[in-house]
Amino acid sequence: MEKDEIVLLKKPRLKKPVLVEGLPGLGLVGRIAAEHLVKKMKAEKFAVAYSTNFPPQVRIMPDGTVKMRTAEFYYVKGKKRDLVILIGDDQPLTVEAQYSFCDNVLDFAEELNIKEVITLGGYGALRQISKKRKVFGAASDKKYVKTLEKHGVLFGEVGGDIVGVAGLLVGLASARGLKSVCLMAETKGNYVDPKAAESVLEVLNSYLELNVDLKELKEKAKETEEMIRRLEAAQRAQQIPQVPKETEPLSYIR
Amino acid sequence: MEKDEIVLLKKPRLKKPVLVEGLPGLGLVGRIAAEHLVKKMKAEKFAVAYSTNFPPQVRIMPDGTVKMRTAEFYYVKGKKRDLVILIGDDQPLTVEAQYSFCDNVLDFAEELNIKEVITLGGYGALRQISKKRKVFGAASDKKYVKTLEKHGVLFGEVGGDIVGVAGLLVGLASARGLKSVCLMAETKGNYVDPKAAESVLEVLNSYLELNVDLKELKEKAKETEEMIRRLEAAQRAQQIPQVPKETEPLSYIR
Amino acid sequence: MEKDEIVLLKKPRLKKPVLVEGLPGLGLVGRIAAEHLVKKMKAEKFAVAYSTNFPPQVRIMPDGTVKMRTAEFYYVKGKKRDLVILIGDDQPLTVEAQYSFCDNVLDFAEELNIKEVITLGGYGALRQISKKRKVFGAASDKKYVKTLEKHGVLFGEVGGDIVGVAGLLVGLASARGLKSVCLMAETKGNYVDPKAAESVLEVLNSYLELNVDLKELKEKAKETEEMIRRLEAAQRAQQIPQVPKETEPLSYIR
Amino acid sequence: MEKDEIVLLKKPRLKKPVLVEGLPGLGLVGRIAAEHLVKKMKAEKFAVAYSTNFPPQVRIMPDGTVKMRTAEFYYVKGKKRDLVILIGDDQPLTVEAQYSFCDNVLDFAEELNIKEVITLGGYGALRQISKKRKVFGAASDKKYVKTLEKHGVLFGEVGGDIVGVAGLLVGLASARGLKSVCLMAETKGNYVDPKAAESVLEVLNSYLELNVDLKELKEKAKETEEMIRRLEAAQRAQQIPQVPKETEPLSYIR
C-alpha cells in the first residue's frame, strides 16, 4: 500500500465539479453537513482514500465484516454543476501525513477536473454564540470572497488558524491556483452540533443552488439542544453554587 | 536493512496454506494460542520478519547470544491443508510501520500462495465474562462469516475497533481479495489469559480439523486462575472495604 | 508538494549576497531583528519556503484570505553587498525536518551564489543581563571569528548548544565550506525582546555597513520594558512576600 | 545531507581491524572507555558520522566555533590487529534512526574490512554491585562466547534487553555474519562510572593485547566515589531517618 492511495470504484463524468470536504473536526460540523448532503442528494460512492497514517485499526461492522479507516468520495449530478463530496472517519495522525493526504486529494481532484474546493467546519466561539449561527469564511482570493459574501458568508470578522485538513486543503488548493474556501459555522464545539451544520448547508444551498432539505437536521439540532439542556441541568443540580456561565462561556478554538 | 524485511530460511512447499497470526495483544491471547499451535504441531521455523520499527534492542539469551526483536514464520503440514503460523515479540511501534509491516507480511503470504488469513486475539469484555469464553469474529466477507458461524464463531454481536496487526491484517488482506478473519476470545485482558487462547484454538481445531491437544493449555488456565484468585484475595485483605466488583467489573477495550 | 520546497517568485541578480536568518526563537530576537531589516531596508519578497513539517494549518488573514505557514525570502540591494533575509512563522516540527529544511535553504542559498550565512537569535542569560546587551557569536571558522570580533561580537565567552534552525544552519553551512555565524544577544527570553534585537542589528550595521535606523526598535524596547515593569509590579502586589529576584533571576537556556 | 552519512577524512590501511563502539549509555561506561582508548593509544580521527536524527543543535566550542552533533571514527595501529573506535555524542533520537544509523555504521565497517564488532556499555545492577565490577557479555555466536570467556567475560548470567546502538549493532552485525559482542560492566548507572569503564577495558587489554594504561581511570574512579560519598552523606544529613539502602539499592536496568 502506498502512503496515500485513492482507489477508484467507478469513473464518473462530471460537469464543472466542486469538491466539498467534511472530515471530523470541531463539533463534527463538517462531517455532519457532508453526510447530510450525501444522504439527501443520494450521492454515489465512487472512490476510497487510504492513508498509512489513519489509525491502524479496523471497525467491526454489524454484519460481521470489517471496515478499514478510510475517507470516501461520493458524487452527485447537480442542475448546473456536479458535486464531489469527501467524507472521512479520521484526520491523518501525523503532521507530514496531513500534508501528503491533502496533496493526494488535490491530485485526484485535478484529475477529475475540479477547480473549486469547499471545506466545511466549525469555528470555536469565544463568547455566546448567535441563535442563527454565523458562517465565517477564509478563502483563496479576494474575488472569491466577494462572490461568497453575497451568500451570507462573513469574511475578515475572525482571526486565528484553521487546523487540519479543512485548513490545509484550502491553503494547498490555493497554491495550485484553485478557488478554495473553508466555511466555518459558529459552534461551542463541546457537543456534536447539527445546528452549525445546518447553517453551513444553507450557504451551500444558496451558492450552489442545491435545494437540499434541511428539516431532518433542524430536528436533530432540537434533540441535541434538549439533551444538552438536561445534561447541564443535571450538572447544575450536582455542583451548586456555580460560576455563572453567561458572561464567559466555555471557548473552543478549532 | 529495509524498513520491513523477511528473510527466508527455507522455502517450503505448501498445500492450500492458511496463515494464522499471533502477535502480542490483549491478554496475550493470540500469542499464546499461536505458540501452542507451533509447539503441539511441531511446526518448523522457515522465515524471520524484521522491522526498523520493532524496539531498537536485542534480547540476551540464556546461552550468551543475542536475539533481535523479530516476528517469525513457522509451517506445518496438515491433513487437507498446510498451516503457516506468524508469531512475534512486538507490535511495530509507529502507525505507519503497522501498515507497512502488515503489507509486507501479506506480500510474503501471497508469494507462498496463501489465500486465507486468520488472526487471533482477545476481545475486552465490558461485563462479567462467560465461563466458556465466547469467540467473536470480524471477517472479510459474508460468505466467510457463514462458514465460520458453523464452527461456533459469533458475528455481529460486538462492535468497536480491532487495534493493531490483528485488525489491520484482516482489513488489508480483504482489500487484496483474500479471505480473512480476526477471531477474538472474550477476556478481561488484565492478566495473561490461556483460557481465552483455548477457546480460540477450539475454533481452529474445528474449522481446520487440526486435532491439537489443548490439555496443557487447560492446566495453565487453571494455574493462572488460581494465581489471580490469590492475588485478588491479597488485595482485598489490604484495602477493605471495597466497592463490590460483581456489578461492574474492570473493562478492557482492545 | 515536496517535503521541503522553495517557490521562486522572482529571480534577483545579487552582488556578493549574505543570507541573514530570523526564525522564531528565544525572546523572538532573531525574528524581530530580521523583520526590522526587511521593513527599514524595504526588502522585496522573492521566494517562499514550504515544509510538510510546518504546522498543518492556515492563518485567517484580515482580508478573508488564507496564508499557509511558510518561511519567506526577501532581498535588498546594499552599497557593497546585497542582502537575502529569511523570515519564518515556525520552526520545523520534527528533528529530521529541522535538518532537511536547513539543507534545502542552503541548497537554495548556494544557487543564489551566497557564500556567507548569518543567523540571529537570543542567548538565555543565567544571571542579570547587561543594560547594553552583549552579542555572543559561534562561527564556522577562526578567521571569521577574528573578523567579527572587530564589530563587537564576543566569542568563547559562553558555552552550551544552539538549538534549532539558527544553530543547524551554521553547522551545515560550515560543513559545506560556507562562512557562517550565529549572533546571539543576551536575553531573559521570557518576554519578546526588541532590545536584544537592537544589539544584534548594531552588529550587522557595523559589519555589513547597513546604516539601518534603530530608533523604532528602541521605542518598542522602552514600551516593552514599561509593560514588563507594570506586569511584575502587579504580580508582586498579589503575592507578597516574595523571594528576592536580584540574586538569582529566572534563567532561560536556549 | 543524507539521513545517515559518513564523511571520510582519510582512508587508513588496516590490518585485521576490530570495531569498538562507545556511545552514551548507562553510567556513560562505553563512552568513557572508548574515550580512554582514543586518548591513551593516540588514535587518529579519520571519519565523521552524521545523522538527521541526532539532536538538531550545534555545540558552541571554547574557541568560538561550532560543532555539529556527530559520532566519530578513530583508528590506531596495534601489534597484531588494528583498532577502529567509534565515539559519539548522542544516540539517534527515533526508533527507525537507531536501525538506520547502525546499518550505516556496519556498511562502513565492512568497507574497511572489519569482521568483528565489540560494543561497550553498562549493565544495571539490581543488587549491590561487586567491588571488582563483573563484565557480562552477549554475543553473536557460541564459538565467540567460548573465546571471550577465557578473558573474564561472563555469559548467560544475566538476562533482559540491551537497548540502543550498543545492542542493535551486535544484533545487526550478527545478522550479517560478523562476529560481535556487547561487553557490559556492572554499574548502578545513576552516576558517571569510570570504575565500570576500567573493568571493560581490562577485558579489551586481555583479549586484544592492548596494554592500555588504566591508572588515570582508576584515579577518576576514586574521585567519583569520593564525590558520591559526600553527596550521599549530605543527602542523609538532610533527610534522616531514611530507609536503609544496603538491602535494596537503586536499580537501573539499561
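Read from first to last, the chains carry the letters A, B, C and D; within each, the first residue is number 1.
The rule we apply is simple: a residue touches a chain if its C-beta (ideal position, glycine included) is under 8 Å from a C-beta of that chain, and two chains touch if they have at least 3 such contacts.
Note that the coordinates shown come from a computational prediction; the quantities given were computed from them, not determined experimentally.
Enquirer: Using only the C-alpha atoms, find the rotation that maps chain B onto chain D and quote its angle between 0 and 180 degrees, to the nearest 5.
Expert: So the copies are related by a turn of 90 degrees.
Enquirer: Is it true that over half of the residue numbers where chain A touches chain B are used by both copies, so same, or is it different?
Expert: Here the answer is different, because the shared fraction of interface numbers falls below one half.
Enquirer: Let me have the rounded angstrom distance from the C-alpha centre of chain A over to the C-alpha centre of chain B, please.
Expert: Measuring from centre to centre gives 38 Å for this pair.
Enquirer: Between chain A and chain D, what is the separation of their C-alpha centroids in Å?
Expert: It comes to 54 Å between the two C-alpha centres.
Enquirer: If I count partner chains per residue in chain D, which residues reach a count of at least 2?
Expert: none
Enquirer: Report the topology of the inter-chain touch graph, choosing from line, ring, star, complete and other.
Expert: ring
Enquirer: What part of chain A is in contact with chain B in the complex they form?
Expert: Residue list for chain A touching chain B: 1, 3, 52-68, 93-94, 97.
Enquirer: What part of chain B is in contact with chain A in the complex they form?
Expert: Its residues touching chain A are 95-96, 98-100, 103, 136-142, 145, 155-156, 158-164, 167-168, 170-172, 174-175, 182.
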